[in-house]
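Common to both upcoming complexes is chain A, partnered first by chain B, then by chain C.
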Partner chain A sequence: MIAFWFKILLIPIVVLFGLFIGLLYKGIDRILAARMQLRVGPPISQPYRDFKKLMVKDNIIPRNAVKWLFNLMPVAALSTTLIILLYVPLGGTMPLLEGQGDLILVLYLLIFPALALILGGFSSNSPYAIIGAQREMIVLMSYEFPLSIISISIAWLLSFTQPGANVFSFLVITNNIIWGLVGPMGFIGLILLFVVLLFVMQGELGRVPFDVAVADTEIAGGVLAEYSGRNLALFYLANTTKVVVIGSLIIALFLPWNISDFFSVAGFSAHIFNALFFLIKLFVVTFLGSSLIRVAVARLKINQVVSAYWIHAMSVALLGLILIWVDVALQTL
Partner chain B sequence: MIRKKRISVEQHNELEKAKKIKKLGTVIKAIWVFNWFNSCGFTDLIPVVGSRWDMERFGMILTSTPKHADVLFIAGYQTVKSLKRAKRIYEQMPEPRVVVALGSCTMTGGMYWDSYNTIKRLEDYIPVNLYIPGCPPRPEAIFEAVHKMMVHVQESIKKLKVGKHG
Partner chain C sequence: MMGLLQTGTGFWNPLVWSVSLFIIVLLVYFIRFFGEKKYKPGTEQTMPFCSGSHPSELPIRANSIYWGFFKAMDKHYKALNRIHTGLLDDYVFWFIIVIVIMLTVLSIGGL
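Then we have the complex of A and B:
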C-alpha cells in the first residue's frame, strides 16, 4: 500500500522532470544545430523563454473553427505525451505504471499526439491547416509500419531466448540486453533496426526531413497555422516532451545499460549515477536521431516521405528481422 | 460579498498599459518575426537569418504564419494592392504586436514618391511602432532597431516598478 502511494507521489515529479528535460534538450538541440551551421545560436534557456512568451500572448480562435475541438486538442496532445512518459523506463529505473503489454500500449499511445495534431488542424478550418493535417496523417501511416516491425522483432527475439516470459513488458526487455542474445548475423540485424528507429524518430517528432506537415516555407505552418498563444504553447511543450518519450523508448529497447554495476555503487547514489548516465544516453540518441539529420538534409516531398518509409525503411527493417531470424535458427540448430 | 473596486477611465487605461508593458517584457526575450517584404528590402534582410548576422542569438526566429508572430517587419514600398494583404496580416497577429517599417519607401515613398499607386506614409494605414531608414537598411540597422526596442521596454518596466514603490 505504501508503494502505491509512493508511486502516486512520484507521478508529478516524473511529469515535471519530463517537461524540464524536454525543453532543456530543445535548447541544446538548437545550439548544436546553430554551431553546425557556423552560427552562435540562442542561449540554452531560449525554449523556456519561448514557452513563457507564448503563454502571455493572445489566444486567437478562428471564427470558422470547431471551437471545443480546437481548444481540446492541444491539451489532449500534451496529456497523452505525459501519459506515455509514465509507461516508459526513465533514468535507469522501472516505469511507474506497468502491466501486461507495455510496449504495445506505448506504440498505440504514440499515435495520440499525432492524432491530436491532425484533429486540431482539421478543426481550425483553414486550408493550410487542412492540407497540413492530411500530410500529417500520411506521415503517421508511413512511419507506423517500420516502428511496429522493429518492436515486434525485438519481442519475437526475446520470446525465443526467454520462453514463457512476458516479452512485451519493459522489465523483461531492459533486463535481457538484446545485443548479448544474438550472434554476429543478428548483431548486424539489430544495428539495421536501430538505424531505422532513429529515422522513425525524426518522422515521429515532425522534424526535417519529414516535417511535411508543418512545412514552414510551403504551407505556412501547416497544422499549426491557426494556433496561437496558449494553445500553441501546449503543442510546443508536447513536441519537446515527445523527444524525451521517444528517446527513452529507444534507450529501453536498444541501450538499456546501467552504470551503477560498473562503478559498483548501491542505494540512492546508484540511482543518481543511472539518471546521469540516462541523460547522456538521451543526449546521444537525440543528437544522432534528431539534430544531426535535421541539419544535414533538406525536406523531402510527401511522396518521397512515403516511399522512404514504406519502401526503404521497411525493407531495411525486414532485412534486419530476417537476419535475426536466421541467427536464432542457427543457434537453436 | 466582494465588490469590484470602481476605477476611473484614466486609471483603467493606466492599468491596461502596465499589463501590456509587462507582457512586452516577456515578449522581447523571444521575438518571433513575420516578414512582409516587397522588394529590395527582402534581398538585404535575408542575411540577418544567415550565419553572418544570425538573429537567433537574440532569440529571434522567423515564423511562417502571422498567428505565431510578435513583430511584423514591413519592407519596401506598399502598393494599394499589397497594402490590403499587409493590413490583413496585421489583423491576424495576436496581441501584443509590434510593427517595424524598413526603408525610406515606407516613410516617404522613397524613389516612388510621385507614383500613382504606392503608399507614401505607412503610418496612415497601419500603426507603425518603429521606422528604420535606409534604401534598403543594412542588417546592422535592424539589430540596432531591435536593441532600441528592447531597451525601451526594459526602461518602461523599470519606470513601472519605481512608480509602484515611490
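Then we have the complex of A and C:
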C-alpha cells in the first residue's frame, strides 16, 4: 500500500517529464524539418515560447458553442494523453503503474485524446471545425485497424514462445525482445509491422500526410479552428506529449533494449545510462516516424487516408502477421 | 492489489486509473489556471471563422462524415451492392458459404 501511494506521489514528475520532453522534441522536429527544406528554422525553445504566448492570448469561446464541452475537451485531451505515460515503460524502466494496466488498456486510452479533439470540434459551432472533427473521426477509425493487428501479432508471437505468460503485460513484452524469438521470415514480418506502426504514429499525431483534420491551408485549422488562448495551449501540449507516448509505446514493443548491461554499469548509473539511451531511441523513432515522413510527402486526401490505412497498411500488417505465423509454424515442425 | 480486474488475457485496475486521472486532471487545471481567462463576449471576436461568409451559408451535412470511407471503399461497396439482391435464397447461399469458409479456417487452425 505504501508503494502505491509513493507511486501516486511520482505522478507529477512523470507528467512534467512528458510535457518537457514533448516540447523539446517538437523543437528538434521543427529544426530538422526546416533544415531538410533548406530553411534555418526556429530556435529549439520555440515550442516553449509558443505555449507561453498562447497562455496570454484571449481564450475566445465562439458564439453558440457548447461552452462547457468546448472548455472541457482540451483538459480531457491533455489529461488522457498524460495518463498513458503512467502505463508505458519510460526512460528504460518499467511503467510507473506496472501491473495495474496492460497493452490493451493503453490501446483504449489512445482513443480518448482523439475523441476529445472530435468533441471539441463538434462543440465549436464552426463549419470548419465540424469538417475537421468529421475528418478526425475517419482518421481515427482508419488507423485503429492496423494498430490492432500489430499489437495482436506481437501478443500472439509471445503466446507461443512464453506459454502461460500474460502476453499483454509490458513486463512480459519488454523482457522478451521479439526480434530474438523469430527466424528470418518472422524477422521480415516484424520489420513490416514496425514500418506500419511508424505510419500509424503519423495518423495518431495528426501530422502530414495524415493531417487532414487540421489542414491549415484547406480548412483553416479544421478541428482547432475556433480554439485559442489557454484552451489551444492545452491541445498543443496534448499533441507534443503524444509524441512521447507513441514513441515510448513503439520502443516498448520493438526496441526495448537497455544499454547498462552492454557497458556493465549497475545501480543509479545504470538508470542514467538507460534513460539517456531511451531519449536517443525516442529521437530516432520520432525522426523516422514523424519528421522524415512529414517533410518527404504531401498531405493525402481523406479518401486516400482511408485507403492508405485500411488497404495498404492493413495488407502489409497482415502480411507481417502471416510471415510470423509461417515462421513460428516452421520452428515448431 | 485491491480492485485489479483480470480477464484471463488482460488486466487493469479501475481504482488506480481513477485516482491517477483525478490527480492528472488537477495538474492540468493547475496549468490552465495560469492562462488568460478573458475574451470579449458578444463581439465580432466570437463569430465562428468562415472565410468571410456567415456560418449559416456553409451548412455541413451530418452524413458527409462517411464520404472518405465511401470514396475509398467504392469498389468494395459496388461489389456488395451487386450481391445485395433482396432475395432470401441469395442471403442463405452467402450465409452457408461464409460458414463453410469459417469452419475450413478453424479446421486448418486445429481449433
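Heads up, the rule we're going with is that the second predicted complex is superposed on the first by the 327 of 333 C-alpha atoms of A that agree within 3 Å, B and C clash if a C-alpha of one lies under 4 Å from a C-alpha of the other, contacts with A are read in each partner's own complex, and residues count from 1 in each chain.
Basically, contacts are C-beta pairs under 8 Å (C-beta built on N, C-alpha and C of every residue); 3 or more make two chains touch, one makes a residue touch a chain.
Predicted model only: the values in this text are computed from it and were never measured.
When the shared chain is aligned, chain B and chain C each come close enough to touch A:K57.
Using the contact criterion defined above for the overlaid structures, shared-chain residue A:P127 touches chain C, although it does not reach chain B. Touch criterion met: A:R49 reaches chain B, while chain C stays clear of it.
Look at A:I83: by the touch rule set out above, it reaches chain C but stays clear of chain B. Once chain A of one complex is fitted onto chain A of the other, the partner contacts of A:Q100 are limited to chain C, with no touch recorded for chain B. Contact with both chain B and chain C is seen for A:A225 once the two complexes are overlaid on the shared chain.
By the touch criterion defined above, A:D216 reaches chain B but does not reach chain C.
Touch criterion not met for A:G183: it reaches neither chain B nor chain C. When the two complexes are superposed, the chain touching more residues of chain A, out of chain B and chain C, is C. The intersection of chain A residues touching chain B with those touching chain C, taken from the two complexes, comprises 56-60, 128, 220, 225-226, 229. On chain A, the positions that touch chain B within their shared complex are 30, 34, 37-43, 46, 49-50, 52-53, 56-60, 128, 216-217, 220-221, 224-229, 232.
Within the complex formed with chain C, the chain A residues making contact are 4, 8, 11-12, 15, 54-63, 74-75, 78-80, 82-83, 86, 97, 99-105, 124-131, 134-135, 137-138, 141, 166-169, 220, 225-226, 229-230, 233-234, 237, 302-307, 310-311.
Within the complex formed with chain A, the residues of chain C that make contact are 1, 4, 9-13, 16-17, 19-21, 23-25, 27-29, 31-32, 34-42, 45-51, 55, 58-60, 64-69, 71-73. The part of chain B that touches chain A in the complex is made up of residues 23, 26-27, 29-30, 32, 50-51, 54, 56-59, 62-65, 67-68, 70, 92, 94-96.
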